[in-house]
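Next come two complexes, and both contain subunit A; in the first it sits with subunit B, in the second with subunit C.
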Partner chain A sequence: MSRPVLIRREQALRGGQPLSFAIGLVVALTIGIVLLLGAGHDPVAVYERMFVAALGDPDSWSVTLNRAVPLGLAGLAVAIAGSMGLWNIGAEGQILAGAMMAAGVARIGEGWPGPVLVTAILVGGVVGGGLWALGPAVARSRIGVNEILTTLMLNEVALRLTQWLIHGPWKDPDSFNFPLAPMIPDHGRLPALFGRAHVGVIVALVVIVLFAVAVNRTAWGFELRVAGSSGATARYAGISLERKTAAVLVMAGGVAGLAGGIELAGTADRLTEGISNGFGYAGIIVAALALMRPSGVAAVAVLFGAVQIGGQSIQTMGVSSSVSTILQALILFGAIGAGVLSRYQVRMVPGDPDDPGGDGVQVGGTT
Partner chain B sequence: MIESETPPTMAAVELSGIWKRFPGVVANAGANLSISRGSIHAVLGENGAGKSTLMNVLAGVYRPDEGEVRVEGVAHRFRTPADALAAGIGMVHQEFRLVPSFTVAENVVLGAAAGILRRQAIEDEVADLAEQFGLATRPDRPVWQLSMGERQRVEILKALWRDAHILILDEPTAVLTPAEADELGVVLRAMADAGRSVIFISHKLHEVTGFCDEATVLRGGRTVAASVRVADTDAGELASLMVGSSPMTTERPPAHPAGPPLLEVSGLSALGDRGLPALESVDLTVRSGEIVGIAGVAGNGQRELCQVVAGLRQSTAGTVHLAGDDLTGASPRRLFQAGLGYIPEDRLGVGLAPRLSVVDNSILRTYEAHRRGPFIVAEKAEAHCVDLVERFGVRTGPLHEPMAGLSGGNLQRLLVGRELSGRPRVVVAAQPTRGLDVQGVKAIQDLLVEAREAGAAVLLISEDLDELLTLADRLVVMHDGQIIGEFDPTTASRSEIGEAMIGHDAGVGS
Partner chain C sequence: MNEASLIGLCAATVSFGALLYLAALGEMVSEKAGILNLGVEGMMAMGAVTGFMTALEFGNPWLALAVAVMAGALTALLHGWFTVVLGAEQVVSGLSLTILGLGLAAYLGKNAVGRPPGAVLAPVDWPLLSDIRWLGPVLFQQSPMVYLSVLAGVVVWFVLSRTRTGLALRAAGESASTADAAGHSVVGLRLTAVAVGGGLAGASGAYLTLSLTPQWAEGITAGRGWIAVALVIFGAWKPGRVALGALLFGGTLALKTRLQTFGVEFSPILLSMLPYLLTIGVLVVISVRARNRPSPAPASLGIAYRREER
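On to the complex of A and B.
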């Protein structure tokens, strides 16, 4: 009898990540064919529509890029913290907090000139997200409260606060009693870039590149990466962790908050409770696919955005939203699953299939 | 009568010719162990001697590559810990495996009870069992409220509840206060008197001579002394068996007069990880051009001493002077800049960042010197790395790949090279050669001797007595957080040092 076991590769395969994404895509689309046939659709037509809607022409690209902006920034918000070994699960709440602050700025600054207002809205987003992460940041760095729990729980708080603003003080008097916040002024909207793409695409790209350079090339980033490898090693190297931990979590919050500001001024045009649309959680997947490296976040976000836009587009063909969601999930699942293979290899070893592990599975180290 | 069916000579447990290899390491190389029924049997050995592996083989966690496991005369091939438990073998691990929010009783029966649990009933049953063996416990208390000693008793109860006749305790006293350790001794004796066998893993020799009947000593994966009657031996003999001898390839460096004192530690006290005193009023001076060795059974304050000197642990009293400057409580970076090279015991967890590249690891201590503005100059860092790799003979793959791909010897060469490359005035080396192959050991020892020749003051902590006897100009022995003896390595006998290691105040020699 022999059975497969996963063996960790000495070194990750070169180019393994893009390759595995491609493999995952092929596997997922193959399974998707069965799914679509079962649901009575023509898989070729569906796939074609997905591709065209997401990447077929400049206009589709503009929509995909717009979608990639919050995904990429949320992914960055997770990856910055992840570089230091911290888990920011709160990008969703930080996006909402950023959007709320940005909306508040838009209310105050109605009379300001366009460029000033737009800048102020985006800065408001950063400040809102950063403030939202401040509590978890201080709690973590001062008394070691687990940031996973605090950031996650604050997501719910941010959602309730948004709902309260929309249903209460910020409800649009002209909305015929619908719970809608007023539109932000026209001159506060992000200028267009091409097609439907707005300048948020550039802003996000610049921010991602800045952080990628900071983490990979600066002394600050070096300290971050050492701390992410082991806290004890960081102390040995003379790196003080307390302030750095707090700063990194606040920065991560600010980056997610920027996404909230961009969504408000770029696509949503008003504060809604669905303005984040799960981007904060999707950001965790984006960061994981980018192996927690800020430098990988942009590419993954564009692919992820394309999958989302393509998946939504087929609903107009009568494909139910659940089938579309399953298809999106399959693609991401395939990519993540294949990602494992770039770090592990499958080997057949003799042994009993019912062996519960013991010393056969050498996935981790042995002691 | 069960007694008459089994000959009284038959061992409760018999392990023979056990081999267990891991990638790059042979943990057990034909180890033997025989435990007689109703006895408390100590298994002794330094870290890395193969104690834990052998116990994991017995407890069904590992399967041996070769060798035989017999329990009550019957050969077994355990696949899982559950198989071993079914044969009556229970293990109390060093890290407790308890659910903090469950009560004592719930933890005891967890996984071993089916159907509906009646709280009162199980609490009563657990209380009965505890009383039977004199284990003071409160079955209705949640585990998070309990002291470490009480938690350990819950672990023991878990094994007894599952009817374990052979109980393995892995360094059980490491987490206990001395009073709790004494209580444990009483409980273990009650269990042995009830016909159960206890395997007691430790390197605290006074406990072994205090409550054990027999002892087996492991070294380098082999049994070097099997089932010695504790009554027929003494702690000194056991200590010298444990530290044993490894083939030394390094020659004793020629003696030369030591220079001015560079490291002066006086009245230094500190707490250990568990908040108990680990270091008490230690005085120590290391001079330029001298290697001072610290011998001692592991866990007697050597680790804490290194950490305090290197700035990684707060002291509670006393001072540390480096070349005359008071650097008590200074940060690790300040100490490094003042000329302290530190080779920590835990290479991968403290000394290196295994997920970062070889280049990043080579500048771990000096990255500030490779800055231009906010940036680290990649060429400069890489040049430094290449220099280290060449000077210290590190065999490495691509320099920008994670450090973790290197072998143990090469990891240590890079670490030692990095610490020594700036010509430190003081070098603190904790277990610098542990676990390395012969070549690696020689390379590291040569580097330490070179540092001494260059005028550094070297403090060497090692579990290898031969290494200390060969390299050190002076040898001090630590016991229970104190320095209790100083020896001249050229004249001291191993048994004298062994006596001192167990706390017998023999060492005023030299």
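On to the complex of A and C.
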């Protein structure tokens, strides 16, 4: 009798990650076809509409790139922390905190000249997000409080703080009692780039490239990665983990907060409770698909932006926009599955399936 | 503030407490076996939508509850497959499960939005007991789900602390290699715990759509799955303490809609931050104390087990 076991490869397959990603995409689209057929839609027409709406012409590209901005920055916020082996699950809250701070700056700086105001709004976003991450950062580095849970909890707190501002102190007096914050002044909006794309696209790309270089090519980044792979090694090499941990988490928060500022001044034009709209959580998927490498985040973010924008467009065909949500999660699950297979090879080995001996993990083994 | 509104507040505290308790209990079982499942919100949504739609189709609330439990367990097993069998990162897989569950629930329930429920789990009116002043309306006129949540709590406590299976399950969460060496199947134990956890989350979702607010709407779970995750920490992974925490957090949910009735000038939105802030406080206390005594968290929580790497 023989049974399949997973044997770990000495080295991961080269080019395994883009391949896993592609497999994840195919798996997701295939399951999507089943779902669409089940609801009586024509999958080909739906996918075609999604593609055209997201990537069909320069104008749709501009919308997709705008969407890729918060996704990429949130992904970067997760990946920066991930390079050091930390989990920043709080990008959602940090985006909101950034947007709140940016909206506060926009209220104060109404009379400032355009370039000053725009810059101040973006800086406000960075500061807001960084401050929101400060608590978890200090708690983690000083007393070892698990940052996964603190950053996660603070997402819900940030959401409620945003709601409170919109329903209370910052409610627009001219909104006919709707819970809406006032629009930011026109000269505080991000200048256009092409089509509907704004300069936030460039800002985000520069930030992502800077961090990719810093993590991959500098001594600072090297220390970060050493600390991530082994805390003991890092301590032996004289790397101060405490300060690095705190600094990295605050930086991650600042990057996510920048996304909040860009969303406020680039697309939303006012503080809303949906201004982050799950970007922080999607950012975790983006970072995971980029294997926590800042350098891979931009490409994944553009693809996820396309899936999201495509998903919005099919609502006019009577298809639920939740299709795009489902696709995003399925891409990740498909890629994880494929990623595992790229690190392992399946071999049939002789033997009794009940025999616990052997070196491999049994595939689907529950015995 | 009058007596009737105070009784209403207490009764609602128990109802919301039970809702949170079911989901938190499930998360606790999963974490006890070493698997952090951040997909609670998604599993709740799947239980909520499948339960509601089964009730629409067949008109039987108990069948609906059973389907919701199954749906929750199956959703959880996806996380189980990726994290337990393939050893994927639990944080990433769990959060993706939340996204997938919320998306899938919205997709499945598209035509059920706004429809009246096909069946509800009607409150149980306990003979004699329900007439007791104060206690009657608070404890003995509740939805059957409230009593089931208490039963679930007792069963989980008993199995975890008084049976060999429970011991093995906790061993899988404390030290997987030890459990393996003792002849237990870590994979089997962890998958079982994940499935049970998902089933309880599914039941919690069904409680929402079959009893508490008998309707389906996208986003009906409203972040309560995250409160459940928080509760497990708040209750230090102990069924009894989680129950007390559930009543406390349930109280904030119940109070949220009633602040104005009581004439309290405090924003209900700010009040709803309380569970998360309290949990952060507890996390800090646990960490400060951890210098002198062991943390209550399962030692292998979040760590994948591969036999080849033991």
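The rule is simple: the second predicted complex is superposed on the first by the 335 of 367 C-alpha atoms of A that agree within 3 Å, B and C clash if a C-alpha of one lies under 4 Å from a C-alpha of the other, contacts with A are read in each partner's own complex, and residues count from 1 in each chain.
Simple rule for what comes next: a residue touches a chain if its C-beta (ideal position, glycine included) is under 8 Å from a C-beta of that chain, and two chains touch if they have at least 3 such contacts.
Just so you know, these numbers come straight off a predicted model, no measurement behind them.
Novice: Taking the superposition as given, does A:Trp164 touch the first partner, subunit B, the second, subunit C, both, or neither?
Specialist: Touch partner of A:Trp164: subunit C, not subunit B.
Novice: Please work out whether A:Thr233 is in contact with subunit B alone, subunit C alone, both, or neither, and reply first, second, both or neither.
Specialist: In the superposed model, A:Thr233 contacts subunit B only, not subunit C.
Novice: More residues of subunit A are touched by which chain, subunit B or subunit C?
Specialist: Of subunit B and subunit C, the partner in contact with more residues of subunit A is C.
Novice: For A:Ala219, is the partner it touches subunit B (first), subunit C (second), both, or none of the two (neither)?
Specialist: A:Ala219 sits against subunit B, while subunit C stays out of touch.
Novice: Is A:Gly337 touching anything from subunit B or subunit C once the two structures are fitted on A? First, second, both or neither.
Specialist: The second partner, subunit C, only.
Novice: In the superposed arrangement, which partner chain does A:Ile285 touch: subunit B (first), subunit C (second), both, or neither?
Specialist: After superposition on chain A, A:Ile285 lies in contact with subunit C alone.
Novice: After overlaying the two complexes on chain A, where does the subunit B footprint on subunit A coincide with the subunit C footprint?
Specialist: 356, 359, 362, 366-367
Novice: Going by the contact rule at the top, pick out the subunit C residues touching subunit A in the complex.
Specialist: Those residues of subunit C that touch subunit A are 36, 38, 78, 81-82, 85-89, 91-93, 95-100, 102-104, 106-107, 110, 183, 185, 187-188, 191, 218, 223, 226, 229-230, 233, 267, 269-270, 272-273, 276-277, 279-280, 283-284, 286-288, 290, 302, 306-308.
Novice: What residues of subunit A sit close enough to touch subunit C in their complex?
Specialist: Listed in rising order, the residues of subunit A that touch subunit C are 8, 35, 39, 87, 89, 135, 139, 143-146, 148-150, 152-157, 159-161, 163-164, 167-168, 278, 281-282, 284-285, 288, 320, 322-326, 328-330, 332-333, 336-337, 340, 356, 359-367.
Novice: Quick check on the complex: what are the subunit B residues that touch subunit A?
Specialist: On the subunit B side, the touching residues are 22-23, 52, 61-63, 79-80, 310, 312, 331-334, 336, 342, 344, 346, 349-356, 360, 363-365, 367-368, 371, 374-376, 378, 397, 401-402, 405.
Novice: Write out the stretch or stretches of subunit A touching subunit B in their complex.
Specialist: Where subunit A meets subunit B, its residues are 10-11, 214, 217-220, 222-223, 225-226, 228-230, 232-233, 235-238, 240, 355-356, 358-359, 362, 366-367.
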